[in-house]
Each structure stands twice: as structure tokens, then as C-alpha cells.
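Sharing a structure here in C-alpha cells format.
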Amino acid sequence: MNKRWTDFKNSADYRFVPYIMAGDPCEDATIELSLALEECGAAALELGVPYSDPLADGPVIQRAGIRGLKQKMNLEKTIKLVSKLRERGLKIPVIIFTYYNLLLQLGENRFISLAEENGVDGILVPDLPFEESTYLKEMCSAHHLALISLVAPTTHKEKLHKLAKEAEGFLYCISSLGVTGIRNEFRDGLNDFLKAAKENAAVPVLVGFGLSNREQILQFEGTSDGFIVGSAIVKKIEAMEKELISDREEAVKEFKHFVESMLPVYSR
Amino acid sequence: MSAAIVPDHRGRYGDFGGKYVPETIMFALEELEKAFEEAMKNNDFKKLFQKELAVYSGRPTPLTLADRLSETNGGAKIYLKREDLNHTGAHKINNAIGQALLAVRMGKKKIIAETGAGQHGVAAATVAAKYGLSCKVYMGKEDIRRQALNVFRMKLLGAEVVEVTSGSQTLKDATNEAIRDWVASVEDTFYLIGSAVGPHPYPKMVKNFQQVIGLETMDQFSSESGGDLPDAVVACVGGGSNAIGMFAPFIEKEVPLYGVEAAGKGVETDKHAATLSKGSNGVIHGSLTKLLQTDEGQITEPYSISAGLDYPGIGPEHAYLHEKGRVKYEAVTDQESLDALKLLCLNEGILCALESAHAVAYSLKLAKTMDKDKTIVVCLSGRGDKDVHTLMEQAEGGITHE
Amino acid sequence: MSAAIVPDHRGRYGDFGGKYVPETIMFALEELEKAFEEAMKNNDFKKLFQKELAVYSGRPTPLTLADRLSETNGGAKIYLKREDLNHTGAHKINNAIGQALLAVRMGKKKIIAETGAGQHGVAAATVAAKYGLSCKVYMGKEDIRRQALNVFRMKLLGAEVVEVTSGSQTLKDATNEAIRDWVASVEDTFYLIGSAVGPHPYPKMVKNFQQVIGLETMDQFSSESGGDLPDAVVACVGGGSNAIGMFAPFIEKEVPLYGVEAAGKGVETDKHAATLSKGSNGVIHGSLTKLLQTDEGQITEPYSISAGLDYPGIGPEHAYLHEKGRVKYEAVTDQESLDALKLLCLNEGILCALESAHAVAYSLKLAKTMDKDKTIVVCLSGRGDKDVHTLMEQAEGGITHE
Amino acid sequence: MNKRWTDFKNSADYRFVPYIMAGDPCEDATIELSLALEECGAAALELGVPYSDPLADGPVIQRAGIRGLKQKMNLEKTIKLVSKLRERGLKIPVIIFTYYNLLLQLGENRFISLAEENGVDGILVPDLPFEESTYLKEMCSAHHLALISLVAPTTHKEKLHKLAKEAEGFLYCISSLGVTGIRNEFRDGLNDFLKAAKENAAVPVLVGFGLSNREQILQFEGTSDGFIVGSAIVKKIEAMEKELISDREEAVKEFKHFVESMLPVYSR
């Protein structure tokens, strides 16, 4: 594990991991937004890659993908974007969030070397379940990249234990069934699920899928080590699309303000 | 050829197949696989399935010798396996009945399905009504517009038709959306896939429910010919369910098999759905297979005059059979299929689906290369009533031979 | 009841039937009668007919227990004889195949036919294509407008569709026009009538070709029930071919039989097609029967939401069975049939023809008056694909329960 | 047989029998047209009754029927119209041409008595072939009405002989297959057919169906005793519909002129 992951692991904070789509609304904006998120206290960053068929995503992130595709953003460019982020001083772990088909076309080996070259820390493939990930997992391990595991409330107990034990970077606990997107309520039994995850995980356990405000986030404080916010942030970016292009500095300020307003106070 | 047993326990057909789905639904695939394997060992279930095929859908469907068509065309004799005579007008119902019975057996009360032109949607809505299940059908906004009649039919059957506005608003997106729904509703919902695609065990299961086509054909041809096998078997391939069902019992025999894809306006153009001819390895809807995509891996929108072949992927077993060389896959254009449809109409009084017309078109070409005493069986996967609007538009637009 | 053998040698069913046609075609009726009687004594012909029904049209059609419908409705169990699963979607093809084979046997190369909604026209065009005959279909201008899809289908099948502009430009006039053509072309032309109407020997011949419905039903019901007969048999009646075919073997048994006519907007209005309920003796299309007419004998235009029941006359044998009291004839309104169609869709996943829905509607009423262990067989004469446009219009027009 | 039929039979002329539709374009016109036809030399008159479903008629006579129906002309009124013709002095036999259903609704017996009362001489029912006409034939015989028999080129020889022998009034030989209407050509073998008819008939043998000009009419002079003209006359009436109502006297003159122009000269 690299230093960024060690720092991430050792943090005492309730970890905030935001998701944004590369190229939404343009590559330069993605850079500024990433840096702003770190300033807001992000403990790591998930960088989505635009895809034609994002079957784990809800409408908000689907639309972000369409914007990214219009910018001709792709997996290779997204990886290379990370090196620009590093040049600008980004210190937190960056995870590439990509569907498996994009990875397959780039080539898993090429991905690994590009990721190493460009300062990527991990990869998350929402449609590559544990059962299909043997090769990628080995390759990632060998090159000190974290292949982020997802576990769901529907994951069998034994599998959950195993995935938790083997998890690298962090363990992504899906807080609700369904695709990404803003939720109003979370399911019963979620706490048991998180408890089981935490008991077995050697890495921080984060919850994600559907968190959109401070209240919801606080709800998991006792049972998890951090949280992932995607759609709520992407939705704000969507609302500010024009400004992020025409008047970026001001827009990024407003964006930071928005992000801070949804975070628990001590995370700032 | 001595084939490995496919799929393996991971749902692999050689390199193809597998389960590329969000972790949320992995348990459901396992549950489904278990239930399916159990059901397939259960004689009561198998009998029930056979009985429903018979008394509800009207099976066995006949094997009709197209004597005038064969005569006009010259060359080998062409037989038609009449899946068009099934209840709801296509082979799709075989699979829908099978999966619905399995859903009932698993105690599920809700089904979801995706549909392009609406054929599988109607089949799903039909079995849902028949077995008392609630039914949601995902359908692209664009397809809803083009297929208003089928939308109305699904509603008549009590199904909810959900408009899909994501992506290109067609079948591929409807499938994405159905999977998204399933990810959210997986605990009480059965996803009734319409072709031999999707994550394991779907391709295997769909083949199993569709193999009745091939099994009947083999029997019927054998009684007609005094024990022989046909000299060739032809089926159209969209996702690949009618083809795999037809091929199933013939794969281990020495019979040449032909899958026919849609060449649309030509495989040399960008308007086609010829997945095996022009596609590359990739993952779509949970399965590693051949698909039409950009170099970067963005899935492209396919094109065919026949909505049922208009799919950018293909069932993984076909990708495997293609790679092994066991089945030859050919592509037939819009115009060739229209011509074949008309020829079949004029010579046999059978209006087949545009999908099936692709198989007919190829078999006409093939027959010409074979002797008069040779035989070809074509899977006539569905009837063409649904396509009359398209045919009328074509006639008005005055498509000419290019 | 001990029935006289009908028809007698003059083609009479009691007072009804006969041959009220111009002298020009009298010889053709005799020729036809002779050829038909001969064919019916010829085992090869009979076997050929049975074979074509099986391998071309997919017979036997199943007998489906509508368990959820019966349950929802309460009362007797309802079975459906699935004529909707025939090639081209209705019982009409049985007769069309029979007559076409006879035409071929008689060496005729041309057929003519009349059609209303286009169902029989499509069946006639179909068998013409199948057996290599030329085909002209007479169709009212008004019907051509309403049924553009079927017109296109007939043309695809190679038939010439002749627009009829005489009279009310509907089925009755198309029939007049077909007869006029026949009078002119009788020497080399076979007139393929679409229902159990017309001059002798047509009603007898059509019954003969349609009795396969009843014969299969009797067998199927018997094997299902261990040798019993159903407690009631119900069929809709336009010209009366599906009904007479279904009733044929039951007439001499003790089974209550019900023919269901179209009451349209109500038999008390002037918008109905309830020939037996409201008609009087008269001659139409060559046969003495009951018909809807003015006091002076001008034939009136009938009305029904279902084009296939929209006929001012009725086959003479029905007039006879009505008079003898052997069959009860009931009338069902548009609205009742629409409701029945929807209920059948929702409970069984079967979209039946609006014609057939009249039979379903009556059987639902009848079932409610019978015990749960009693059984009713309904002839589901055709599928409803052809009616989806009408149903959509109804839905938009927002027909409400009156 | 009554005197009108005897005169008809004994005439040495090549007999001209016109057909017109009762009530076309109105009852009064029918009267004038009938008288005019007699003046033109008609040997008998066929008076058609408008019917909704005239399946032996071609388009011209169908349209005449529609005009007649609009005038509310019916079988009973048509019969009564004959008595008005008699009052006006019409001497030739009048034959009511009606479809069987109209007769059935009026009642065959009632028809007979009405016909007797009103000076009708015969009836022609195009859709009542010999085989179905036993009762009507007996009734007609008993009341000295001629039931006109039609024979066609397709009629079996024996039947032709029988019908010819039993024919009353005249024997109507259908000159061509098909419905009424104007023809350009006649079939081969027609002469043989007419010859056989004449050899067996005790009454004059007339040809009809499709004759429309002098040339065609003359063609049958040697083989028949007369001819029937329907559509060609009815077509003229259709063309003069307005004038026959608004300026009847002049119109009837023109009509006579037209009829004469088509007749063989000696028939005038």
C-alpha cells in the first residue's frame, strides 16, 4: 500500500469520499472540482469514466456520463487526468470508477501501467463482481493498486466476511439496493450489515449509494468509517454546468460552499 | 467435434459468458441458478412446462415443407419450423413460459422484462397474466413511439410499460434499465430475460427452455424422412434464443448450422447489427461476448429493419460456437430479407417476421448451392403481423434494390 | 331430439337454405356439389386435407382450461378451443384450405372471395399463394379504408383486392360483387365463400371443413375428463362457420349449445347484427335464411364492433337449428364483449378476436348460473391482433359502461 | 295466355323488349318512358323493382335501383304502376323484374292477386332458378301470368330443352355470362346455344344481357325472335335524369330518338 492509502487508513476522521465524473462539464473543471473537494476535506476521490451503458448508475450520473462523452473523455484520458491532479498537488487517493467493458478494451495490463504512471491509487468496477475479478485483483495487488470491493446488503454472509477480509483501500458498503442516486430512506438491517462488514474488514468501511445530506451521513457515523457521496455532488455540478465553464473560479467557490454545507461539521 | 461441456460452473462458454453484474444481484443469480437446476431435475416441473407449451401455446408447432418456395428457388428443399404458430406469434413464448413457471416455483410475485419492438414484452406480459404475476416492462421511449400497438397490448394484458429515456432510448437501454430495476428490487422480483443473453445462468436457461424447437424439429424431420437428419439448419440471430434453441440438439450431430445476423444496409456501412461479423469481445448486459462498440468500448447503436435483430450483443454461446467454428454466422441485408419475406408470402402464404425473413433469405442462397435431394430446415421464429406497418412504409418509401 | 338429415338433396334445412342464384351459375353449384361429394368419399383427399391442417395450419389446436378466468368469474369451468392459434389467426383457414384443395382437385386455377374486415380475404389469399392459384378478393371501399393492414397483407400474398363501391360498400356488397364476378367467370373460377352461408352446397361444405373444430374438441375434452362431454358449448355467430363447425358433432348429443350473435349497441336499437333475435325469413346471397331487412325486403346494414359478426344474414343451418330449438341463440353487446376481452387478457394472457369475445362474454354469464364442477367449452375463433386498433380507438374514445 | 301475350307471340317483328327501372328517376317519368318505348315499337316491357342487393345487375342498373329506392319505389307500387300504364293505354305485356326477397316479403300469393288486378303479364326473378320456382310457377300458371325463364350458355343441355319447352311468355337467353351491362363482344358458341333454345321453345326466344347498339342487335336476328335491351337504355335515362324531371316532354322526345337510333330500322 502506498503512502496515500496509509494516510487514508490512519485518518481519524469520518472519511468523506466524493464521486465526480471525469470531463463533466469539461476536463479543466474536473481538475478544479477535484482540488476543491480535497480542500473540503475529501479523504479520497472517485473519478468516474463516462460510459454508454452505465447500468449501475441512476439518472443523475447517467447524465453526467453523457456530458463527459460529449467532451470525448475516456478511460485513458481519465487516468492521465490524475497525473495533472498530482501536478496540481492533489494528495488524496484517487480511484478510477469504470465499467468493465472500457477496461477490457483498454486492456487490463495497459490499465495497470497507465495507472502506475499517472498516480492512480485504485480502481472500482461496479459490474465486475468478486467472482469475475481474479485476474484484475492479482494484477492490482502486484502493482499496489487497490481494487475496491463492493458489498451489498444482499451479499451472502460468508462472502461478505471474505470480501471484507481481503478488501484493499476501503470496503464499499452499498447502503441501499438499486443504482446510484439520491435516497430518502435506507433499509432496515443496514446496521447489522455494516457491523458485520466492520468486524471483518482490515481497511476502513465506507457506506455509499444515495447519501445526500448531513443528516443521512451522520446516521452512519457510528457504524462506518466514512461515506461516499456521488449523485448529490454530481447534481450540483449539473446545476452549475454553465458557470463551471464560463466563470469557473466563482462557480468552484459556490461548489465548495455547497459541499461543506452537507458535510458533518468536524470533517472540514 | 468433441465439445467441452459448456457452460462451465462459472457460466463460461470458453472465454465467453460469465456474470458481469453489480454485487447486489449476484446472490439472485445464484438463487436463480439453484432453482433452475433443481427444477430441471424435477419431473413434475418438466412435465408442467411441457404441458403448458402444449395446451397453452399450441406446441408442437409443425414442420412445413415449403415446396413451392423450394421449387421457385431451385436447389435444396426447404422446411420451415413454424414457431410463428405459437401463442403470441413467436418462439419468445417458450422461454417466457419456462421462466414464469420458474418464478412461480421460486415464490416470486413480480416479474420485470425488457423489450425492443415489444415482442418479448408481450410474451412476458402474457405469461404474467396467465400465472397471476405482476409485470413491469422496460421499453425505450423511441421504441414506445414506434410500437404503439404492442405497448397497448402489454397494457391490455395488465403490464406496466416503463418508458426508458436513457441512452439511445432503445432495447439496449431498456435492458440496462431493467437490470437497474432488478438491482433495486431483486429480493422479490424475477427478471425475465427475453433472449439467450445476460449473465449466467440466463443463457443456459433460455437455451434450455428454447431447445424444444430443435428437439421437435429433429423428431419431425426424422419421421418425415425415415430417420434422417436435415442437411443444414438455419436460424436468425438477434440475442440468439431461437437459434440456440433450434441448434441445441444438432450441435453434437454432424449437421451444418447457420446463424444469420442482420446486415442492415450492409456490413460495410455503419448501419447493421452483425455482431459476430463485425463486433469484438466485450461485456454487455452481464455477459462477456462479441459486441458492436467503438475502440474505446462505448457500445454503439446497431441497426436493422427488424427490431428483434437490432441488438449490439449476442448470446455468449454463439460467440463460442462462432469461435469454435461449429456454427457459421452469415449476415443478410434489409433488402434481402424483405425480398425473402415477399417470396415466402407469394409462394407459401406465410407472412413471417422480418427477423425470420433473414433466415429464409440465407437459406434461399444456401439452397441454390445444394442438390435438389438435399434438405434445409429454417427456424421460422415468428409471424410477420407485427411488421406489416414497416412493410407498408417500405412499400411507400419505395425501397429499391441497391 | 331425432333430427332429419339436413340438408336434403335440394340443400334445404327445413325451410331454409336452397340455391337462390342466377341460372348462369346453377351448373357450377352442381359441379361443385358433385366434386365435393366425391372428394368426401375419397380417402386420399380426406387425408390430404387433414395433413394440410396439421402441417400447415398447426392443428390440432389446443383446448386450454381458463382456470384463472373461471375462478375470477365464479361458477362453471371455462375451456377455450384455441382456433386463434391457427395459421393466419382464426378458424377461417380450415375452410379456406378445404375449399382450395377442392378447387385444385377440380382443376380450377382462379379463386375469388369476398371479405369484410379482411380475415377471410387473408385466408383466401393465403391458400391461393400456398396452392398456386390466382386470387381476387372483393372488399367494400369502406372496409378497405378501415382495414388497410389486411389489404396490404392480401396484396403481399399476391391477391388482387377489388374495391367494391356498390351499396353500402361493406361485406354484404362485397359478397354481391363476388357473386357477380362468379356469374361472369364461372367456367374457370372457384368461388371460395368465407362462412357457412351462400347457396347449397356451400353451407354444407363449409360445415364439413370446419367440423374439425368440434371433433377435436370432443376428443380433447373426453381425454381430459375421462370420457365426458362438456356441459355447454358456446360459439359466436356471424355467418356461422365457427359455430357450426364447433357444434357439428355435439348436435346429436345432449349437450346444450349456444350461438352468440352481436347485439352491437343493443338489440333494442337499430345498431346490431342479431339476425336470429331480430331478423325474418328472406333470401340473401343465394340462401333462404333469417336476415335483417325492412318490411319490404330491402336488406339493412347491420352493426357490430366486430367486423366478422357484422353480417345481415346467417347460415341456413343456424336458422334451422334456431327454429328447431336445438341451439339457443343469444346476443351480446359491444360493451359486454369488450369487457370480456379485457378480462380474458388480464386473467389468461390471451387476446382474442372481438368476434370470439362475444362467445366469451356469454359464457361468463352462463358460467355464473352453473356449478363449479360444470364445464363450458367456448370456441375462441380467432386472435385479437387485428382488433388492437379498434380497441385503442375505444380506449381513446373512452367508452364507458352504459 | 292472355291476349297481350298472344299478340306478342304472333308478331312477325324481330321483338324489342326494353328494361327500365320503376321510379327512375321518378314514377311519372317511368310512365312516360314506358309509353314512349311502346311507341318506339317495344313488343313487351320489363319493369325493374329497386332492390338493395341486386346481385345479377351491373353498375348501371344498380345505380338506377338506388335512384328508385330514393323515390321509395317498391314491389307493390311497381305493380300498381302497371295499372296506371294500362289506363294510359299501354297494350304490350309488362313483366315485373324483381329479386326474390322482395317477392317473399310481399308474399307470393299477394303478388299474384296484385298482378292480376293491375294488368301485369309476367314476372322475372333473376335469382330464382328453375329448381326453386316450383310453387311460384304453379301459381303463375293458375293465374295466367308468365314466369319468364332464363337460360344461360352454361345451362346443361337437358335442362335447356326442358326449360325451353315449358317456357311461357318468352324464353330469355342470356347472351353472355356475367351481370347485366353493356358488352363489347359476345362469346363463341352463342349461336349453337340459341339454336338449341329455338328448336325446343314453344314461345319466342329472346336474347339479352349486354346489347347496346344496332349492330349487336342485328347479329342475333337470324338466331332469335327478339332482344332485350336494359343497361343501354337505363344509361340514357341516367344521363337525362334532370331533364326527365324538369322538362319531361322534351326529354322523352330525345329519349325516343335515342331508342330509335339503336333499333333495327324495321322495328320502328
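Residue numbering begins at 1 within each chain, and the chains themselves are lettered A, B, C and D in the order written.
Keep this in mind: a contact is a pair of C-beta atoms (placed from the backbone, for glycine too) under 8 Å apart; a residue touches a chain by one contact, two chains touch by 3 or more.
Worth saying up front: this structure is predicted, and the values here are computed from it rather than measured.
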Using C-alpha centroids, which chain lies at the maximum separation from chain B?
D
At what distance in angstrom does the C-alpha mean of chain C lie from that of chain A?
67
Which whole number of Å gives the spacing of the CA centres of chain A and chain B?
38
Find the geometric centre of each of chain A and chain D from their Cα atoms only, then give the gap between the two centres in Å, rounded to an integer.
97
Taking each residue of chain A in turn, which ones touch at least two of the other chains?
none
Could you tell me which residues belong to chain C and also touch two or more other chains?
none
With chains as vertices joined when they touch, what's the shape: line, ring, star, complete or other?
line
Go through the chains and record each pair that touches.
A-B, B-C, C-D
Residues of chain D touching chain C in their complex?
51-59, 62, 69, 74-76, 99-106, 126-132, 150-156, 174, 177-179
Please give the residue numbers of chain B that touch chain C in the complex, ascending.
54-58, 61-65, 68, 82, 84-87, 89, 125-130, 132, 148-149, 152-153, 156-158, 342, 345-351, 385, 388-389, 391-392, 395
Residues of chain C that touch chain D when the two form their complex
10, 18-28, 30, 166-167, 172-173, 176, 179-180, 183-187, 281-286, 288, 293, 295-300
